[in-house]
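Input: a single structure, listed below in structure tokens.
Chains here go by letter, A, B, C, D, E and F, matching the order in which they are written, and residues are numbered from 1 within each.
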Amino acid sequence: ETVARPAGICTMLKLPFQESSKGLDAAFIGVPLDTGTSNRPGARFGPRHIRAESAMVRRHNASTGAAPYHSLMVADIGDVNVNLYNLPDSCQRIRQKYKEIVDADCIPLTLGGDHTITYPILQAMAEKYGPIGLVHVDAHTDTGDTALGEKIYHGTPFRRCVDERLLDCERVVQIGIRGSCYSPDPYKYSRDQGFRVVPAEDCWLKSLVPLMGEVRKQMGDKPVYISFDIDGLDPAFAPGTGTPEIAGLTPSQGLEIIRGCQGLNVVGCDLVEVSPIYDSSGNTALMGANLLFEMLCVLPGVKML
Amino acid sequence: ETVARPAGICTMLKLPFQESSKGLDAAFIGVPLDTGTSNRPGARFGPRHIRAESAMVRRHNASTGAAPYHSLMVADIGDVNVNLYNLPDSCQRIRQKYKEIVDADCIPLTLGGDHTITYPILQAMAEKYGPIGLVHVDAHTDTGDTALGEKIYHGTPFRRCVDERLLDCERVVQIGIRGSCYSPDPYKYSRDQGFRVVPAEDCWLKSLVPLMGEVRKQMGDKPVYISFDIDGLDPAFAPGTGTPEIAGLTPSQGLEIIRGCQGLNVVGCDLVEVSPIYDSSGNTALMGANLLFEMLCVLPGVKML
Amino acid sequence: ETVARPAGICTMLKLPFQESSKGLDAAFIGVPLDTGTSNRPGARFGPRHIRAESAMVRRHNASTGAAPYHSLMVADIGDVNVNLYNLPDSCQRIRQKYKEIVDADCIPLTLGGDHTITYPILQAMAEKYGPIGLVHVDAHTDTGDTALGEKIYHGTPFRRCVDERLLDCERVVQIGIRGSCYSPDPYKYSRDQGFRVVPAEDCWLKSLVPLMGEVRKQMGDKPVYISFDIDGLDPAFAPGTGTPEIAGLTPSQGLEIIRGCQGLNVVGCDLVEVSPIYDSSGNTALMGANLLFEMLCVLPGVKML
Amino acid sequence: ETVARPAGICTMLKLPFQESSKGLDAAFIGVPLDTGTSNRPGARFGPRHIRAESAMVRRHNASTGAAPYHSLMVADIGDVNVNLYNLPDSCQRIRQKYKEIVDADCIPLTLGGDHTITYPILQAMAEKYGPIGLVHVDAHTDTGDTALGEKIYHGTPFRRCVDERLLDCERVVQIGIRGSCYSPDPYKYSRDQGFRVVPAEDCWLKSLVPLMGEVRKQMGDKPVYISFDIDGLDPAFAPGTGTPEIAGLTPSQGLEIIRGCQGLNVVGCDLVEVSPIYDSSGNTALMGANLLFEMLCVLPGVKML
Amino acid sequence: ETVARPAGICTMLKLPFQESSKGLDAAFIGVPLDTGTSNRPGARFGPRHIRAESAMVRRHNASTGAAPYHSLMVADIGDVNVNLYNLPDSCQRIRQKYKEIVDADCIPLTLGGDHTITYPILQAMAEKYGPIGLVHVDAHTDTGDTALGEKIYHGTPFRRCVDERLLDCERVVQIGIRGSCYSPDPYKYSRDQGFRVVPAEDCWLKSLVPLMGEVRKQMGDKPVYISFDIDGLDPAFAPGTGTPEIAGLTPSQGLEIIRGCQGLNVVGCDLVEVSPIYDSSGNTALMGANLLFEMLCVLPGVKML
Amino acid sequence: ETVARPAGICTMLKLPFQESSKGLDAAFIGVPLDTGTSNRPGARFGPRHIRAESAMVRRHNASTGAAPYHSLMVADIGDVNVNLYNLPDSCQRIRQKYKEIVDADCIPLTLGGDHTITYPILQAMAEKYGPIGLVHVDAHTDTGDTALGEKIYHGTPFRRCVDERLLDCERVVQIGIRGSCYSPDPYKYSRDQGFRVVPAEDCWLKSLVPLMGEVRKQMGDKPVYISFDIDGLDPAFAPGTGTPEIAGLTPSQGLEIIRGCQGLNVVGCDLVEVSPIYDSSGNTALMGANLLFEMLCVLPGVKML
């Protein structure tokens, strides 16, 4: 420790900032958008606070041995310049930006933003990779069709992805799902598409290591995207989020899920729905920063020391 | 979702408001009283904040299949007009109001308020049903005799109930009990009455499904009241409460207890001790709203879809 | 005081709730929208928290002698069902709702919501009254042309009103304006239209009673709308707002402005930009509730006792 | 500065603690009661937090030259052991304790607690001194008759004092009064008794030094009690209080009032209505600590250096 | 309960305050220092807030039967007068103070303060007892060598203790260790010394009762010190701390560790790293107060009733 | 507005970041140190939060017409890498860094950090310019000699500057001074050196424009440094600070002071003592950002449009 933690411009994990993704193996990028939020807003400040709290995260992963910076060129490439007043236009801007990133053979690790953003991200990913697998941690399936008359908001991204054949539906798993719902059979849509839905109830008091063994088989060696909605965790561990649901996953389960993705062909990751204004201690943003670091640690090519 | 979550006057679960309990199978009612609180006040604002956060709760229970509004007429009937400056008078007002509700054959689901209020509620319940069974979730047995020279405050309601023979003592269970205490044998009184006391220590790292099987047998088919003190849960999950105790129940255990009451002859329920001013995220009130919805879902006559 | 302040469903000023504006002289109505916010969101919860804190406001205005409920039929008519994900559609919904209200000869008093909402409200007002006068309290002129490529957001409502000839430009005053800006001559547009711009600097340490004498002359006896952006006040008095600017108006000046409107032909009022999540004490919402009560007290027909 | 500010058991102003008032010229004493609060509770923790924040206050008053510890024996004598569940009993306990204090010729400086407590304090004072003069700073006259059917709560203490002839009514001044009210002529009662009522409106933007010249004449050399409700100040300066009213006094006016009491025959003082749970920064308690120190500095016998 | 919880000067557990440790079997003492903190400061106010929240803790331990005040003379002896501006000088002051305490045959129970303070405490302990055993609960091993060029800060105390042979290295256990780190093999140093390192991963979803059986064997009957860094717990249960790490121990595990020390020759204890300014509910301080009470309950000589 | 306010890495005022001060006319630089704080810590995070909130500040100063970026090359050059554990070493590091800056003919605008840092900054300034004039806004004179045995902390910087002849004592003004103190004549030292001390009492309810006319004469055309301790302002306007004092300056007075420095030969500026953890709304940091922008606007060479 040669630089004081509070010191310096806040980039993600104290990485260098650069404008473009050129020359990078992986890049952290923020999408400061919350226009798709149905209840508590504030995820627009997710990237800012995740970066601030990431000053606590160090260079090595003691638990897994991963030393990501030994293997990969990584930087913080700033934020997508979203249009806060127009959700479809924001989606266009995001899609365009991520197309540039994946075209540069750079793996994006996204600091959200509400979950709407995963839809245009996956548009860009699928354009390169074809339909991709998805490890989706969330309290919600996010497969609604419309709300308030709109097709695009944070409750519908994966429905839109299915509509546009962006997902390899047999290789989709949704973990941590729970909460009250609008219809009596809320998981039907997901299961009809071939998704595996793992309700939170099935996770209570259990290690998820066995589950992840099955997920690795489900995913095979084809491209996989990890989308981690922080509300997948119990609100005790991540109070700063927009649509919390009681009785969720524990942080150790969150780690087991991400660490269980090691060896997969991960082509992109996001951590969404951190709303710092509901997070008086800053610990939700800190959770987000750690989970993003853990995702970095399971990217293809990261060596274990 | 056709109405934005932030929109509308805050009634419980966005239900209609009506002045009286006439024609209702079940009614949510607030008791905005905290004059019986020994430490941190604020439960007087419990009903207000539980209503506000209940906007997140939807109509169906995905986990159990319950669709309460398909089976029951339910409304929010507002608050008891308590006397903040006089605890015995408040108890009279509460008892009178609940007498009207049970006389209308309506099941009250109460938004507390500190735990004192369960005493006059049970006076009204027992007047109709005779001594009733009790599923009591709490960090505390609330069977003290006096404090500061008074017989009525939030540490004594169940002692007063025993004094007045309102409880069917063999059909009382107290779950989640823990914490330091004034005497060396704090559970003696409860056990001497025939209550089953389940300390939190006996719940750590365990599913409570087996326990609830036993509880259902204990309760039989006679009338049962559910009294859920939010401090039964660990303070991580419900920080906004007046007398928190460390190392409590988890939300999944809370759900197992309530869901384990399905099939019982539940004649009333309360959720008490939410003190919103100690709950910076609002998540304790949200917890309260969800637990009350879950209690609604186990009322007699609610069909599973 | 016969009802405890914490008791009861939270309607504005503890007034009765009714669905429509029929039969009312004036109505409080919420617009829970913050999709037009450029910086800190949260004004979507303004109506909810203003209603909650309004429980502190009593029936008489001791300072002015106004007793509004002796003269007017007033109720809370709930919220406009806005579309959080689509700002133009929300504007349509607002315009339509306010058209119904003014068609019923009811004066709307609006609980915002971000300042975008004044644009569709004034569309509805002008449709009935023709171009109207405006008493606008704000740190910002809100006469920008576009931002992020959009013409509609909380920085442009009065430009749009000018575009559509909704304002009687010689009868517009903007009070409390201040802060850094995008162009070197930020008040030029307003002054070119004929607006009077009163910078905060001209208000420092002064009573605004003389100013309001001039404003009353400016307004004459034709219809006037009062639009009060809470950020017109100094952030010390109203911290819970989205785009605070230092060195603003004091509460006494805010009261002098509103009370100085007595005798004018006020046809509508709003109080916007309360963002409760930045307001840990609740006092910004309380300020909003009081200012709305004061606006009610200067409506035509309110007698002084 | 030889002791670190954060160090040590929190007594008022880092004074020694002693059980009784024997041998003291003046004593700080807490009354941790909020059972008389009509809206936001929490003043029960006023003494605790005022003591904690008082660690910032040093020994000399730079502005007035007062050096109270050079002239007077002063200590912190702890708290009255109030009965949180029974307001009349608490009043008895307070009265009894203060009788002991004044019998020991010790001047009490009280850390409230809600304003109810001034009633039993004045009972004890008047028992010794006869009807006394009162300098009362407050947003409210606190001369209501009953609320929720009760005669004793924080809105009625000075009515009860009049009823019992504890006040020398021609020597009562109430400063900072404002806010909405239950009746059209809220100051009538006070004025009918002979009180001088100085509304906040008469204080806006003014030094109160001239007013205090008049007050000193009004008070003469007979015994005077100072009762300072922190809500007399504007909520920007004292957000942590139970019934805030907008547009109040400034801190400099608060200091002018207290410093203007120098030379009077002050026989007791209180600072009430600090509710720390609404005071996220701790600055309301700090304000209370400073105001109490300033009251100490104007006690008879304090020399100016 | 004969004294209201909010009443009285805040000493630890409402114990009497006395200046010296003379005549005491055990003493609570605060060390209000945070100059050794690498990230979020605030632990200087740990003692103040732990004392305040300790008002909730009662005299008996219902779970274990311990009644510490029946067996031991215990008091609160205030705080070490640390030098906030000079860490080495503070260490000298601490060492000197603890030397006095242990020389008086009094067992110190410390309210921290950041973890730096354990180094001078152990200097004083070892001076009396020779190298001692250590039960160390923490997210971090705190065995760094230097940071920012300094050898003394909260990341190095146990390295310094090893350097000075204060620890009986075969009798050291570190429980709850986790988080990212500066080097690829962060536990190597500890293990090279002979410490047992128990990573948090090994504790997930497990009772620690078996572990503590092994620890008791490891410790034998020689002197043992318990150092409990509150960040050993998961931040959900103790958000108010300076360097939180995700996925930590649960409160029940914390209790199992402390209760598992019963029967050991415990010669001192500390609870460090409570930073109240990150703890909006006060529950982290409450956790600290309870853990310290539990440590008191396992001191040699405490009888079980 | 073409970039959303929440978007982008947080540099001061959204300026470009560059490592060195080369080629710059002025540079913003952070000093994230709070080891010199006597009471509430947290100023180490001042630079981070001032940068974050500065996203609200736009490019032009509407009030003065200043357009600083038209005249000067300005950037954010990051933070001094302070040693949090060693105050004298931090002072060395600061002095060295500022020597580089002034040697590059760049004017430093500092984001503090506690007030200790002004001492080494002035060492570097005086090395280049000789003894310089000082416009010092503060509640405290910061001319103490020692505390807790140390000569360097945030209460002594200007005493140390006098000791080392860094100040042109006849050209020093201290504005806003107030509060209780350790000695009966706390301003004597300052006045003995020839400083002008302007107590807050002399500022109450007054414009400071006349004062600043006198200050400009006092300063003449020789080098002047502006040191603005945010606690000079009343805590209502800047609650997030370490040693708040009641009854301070208003924001408009703060602006009058800074704007009154226009035309002076300002060679450096700082804004210190923002402690974000006591600032729940973020508005203290926003105040700091605005005041720093205003300082930039009065630097020599800035044209008015």
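Please note the rule applied: a residue touches a chain if its C-beta (ideal position, glycine included) is under 8 Å from a C-beta of that chain, and two chains touch if they have at least 3 such contacts.
Quick caveat, the model's predicted, so the values are computed rather than measured.
Visitor: Enumerate, in label order, the chains that touch subunit B and subunit E alike.
Guide: Intersection of subunit B and subunit E contact lists gives A, D.
Visitor: Same or different, please, for the subunit E to subunit F contact, judged on whether over half of the interface numbers appear on both copies.
Guide: Interface between subunit E and subunit F is built from largely the same residues.
Visitor: Among A-F, B-E or C-F, which chain pair copies the contacts of D-E, with over half of them the same by residue number?
Guide: Repeated interface of D-E: A-F.
Visitor: Express in whole angstrom the distance between the two chain centres, defined as the mean CA positions of subunit A and subunit D.
Guide: The separation of the two C-alpha centroids amounts to 55 Å.
Visitor: Could you please state the distance in Å, as a whole number, between where the Cα atoms of subunit C are centred and where those of subunit D are centred?
Guide: 37
Visitor: Between subunit B and subunit C, what's the gap in Å when you average each chain's C-alpha atoms?
Guide: Each chain reduced to its C-alpha mean, subunit B and subunit C end up 41 Å apart.
Visitor: Show the residues in subunit B shared as contacts by 2 or more other chains, in ascending order.
Guide: If we look for residues of subunit B contacting two or more partner chains, we find 2-4, 6, 38, 44-45, 83-84, 147-148, 205, 234, 236-237, 278, 280.
Visitor: Check the chains against each other and report every pair that touches.
Guide: A-B, A-C, A-E, A-F, B-C, B-D, B-E, C-D, C-F, D-E, D-F, E-F
Visitor: Show me the residue ranges of subunit A that touch subunit C in the complex, using the header's touch definition.
Guide: The contact residues of subunit A facing subunit C are 34-38, 40-42, 44-45, 83-87, 89, 147-150, 152-153, 277-278.
Visitor: Which part of subunit A faces subunit B closely enough to touch in the complex?
Guide: The touching residues are 38-39, 144, 147-148, 155, 178-187, 199-201, 204-205, 234-236, 239-240, 243-247, 278-280.
Visitor: Spell out the residues on subunit E that touch subunit D in their complex, using ranges where they run on.
Guide: Touch list, subunit E to subunit D: 2-4, 6-11, 17, 30, 32, 44-45, 47-48, 51-52, 76, 78-84, 280.
Visitor: For the complex, which residues does subunit D have touching subunit F?
Guide: Subunit D reaches subunit F through residues 1-6, 55-63, 65, 67, 205-207, 234, 236-237, 250-252, 254-255, 280-283, 286-287, 290-291, 293, 305.
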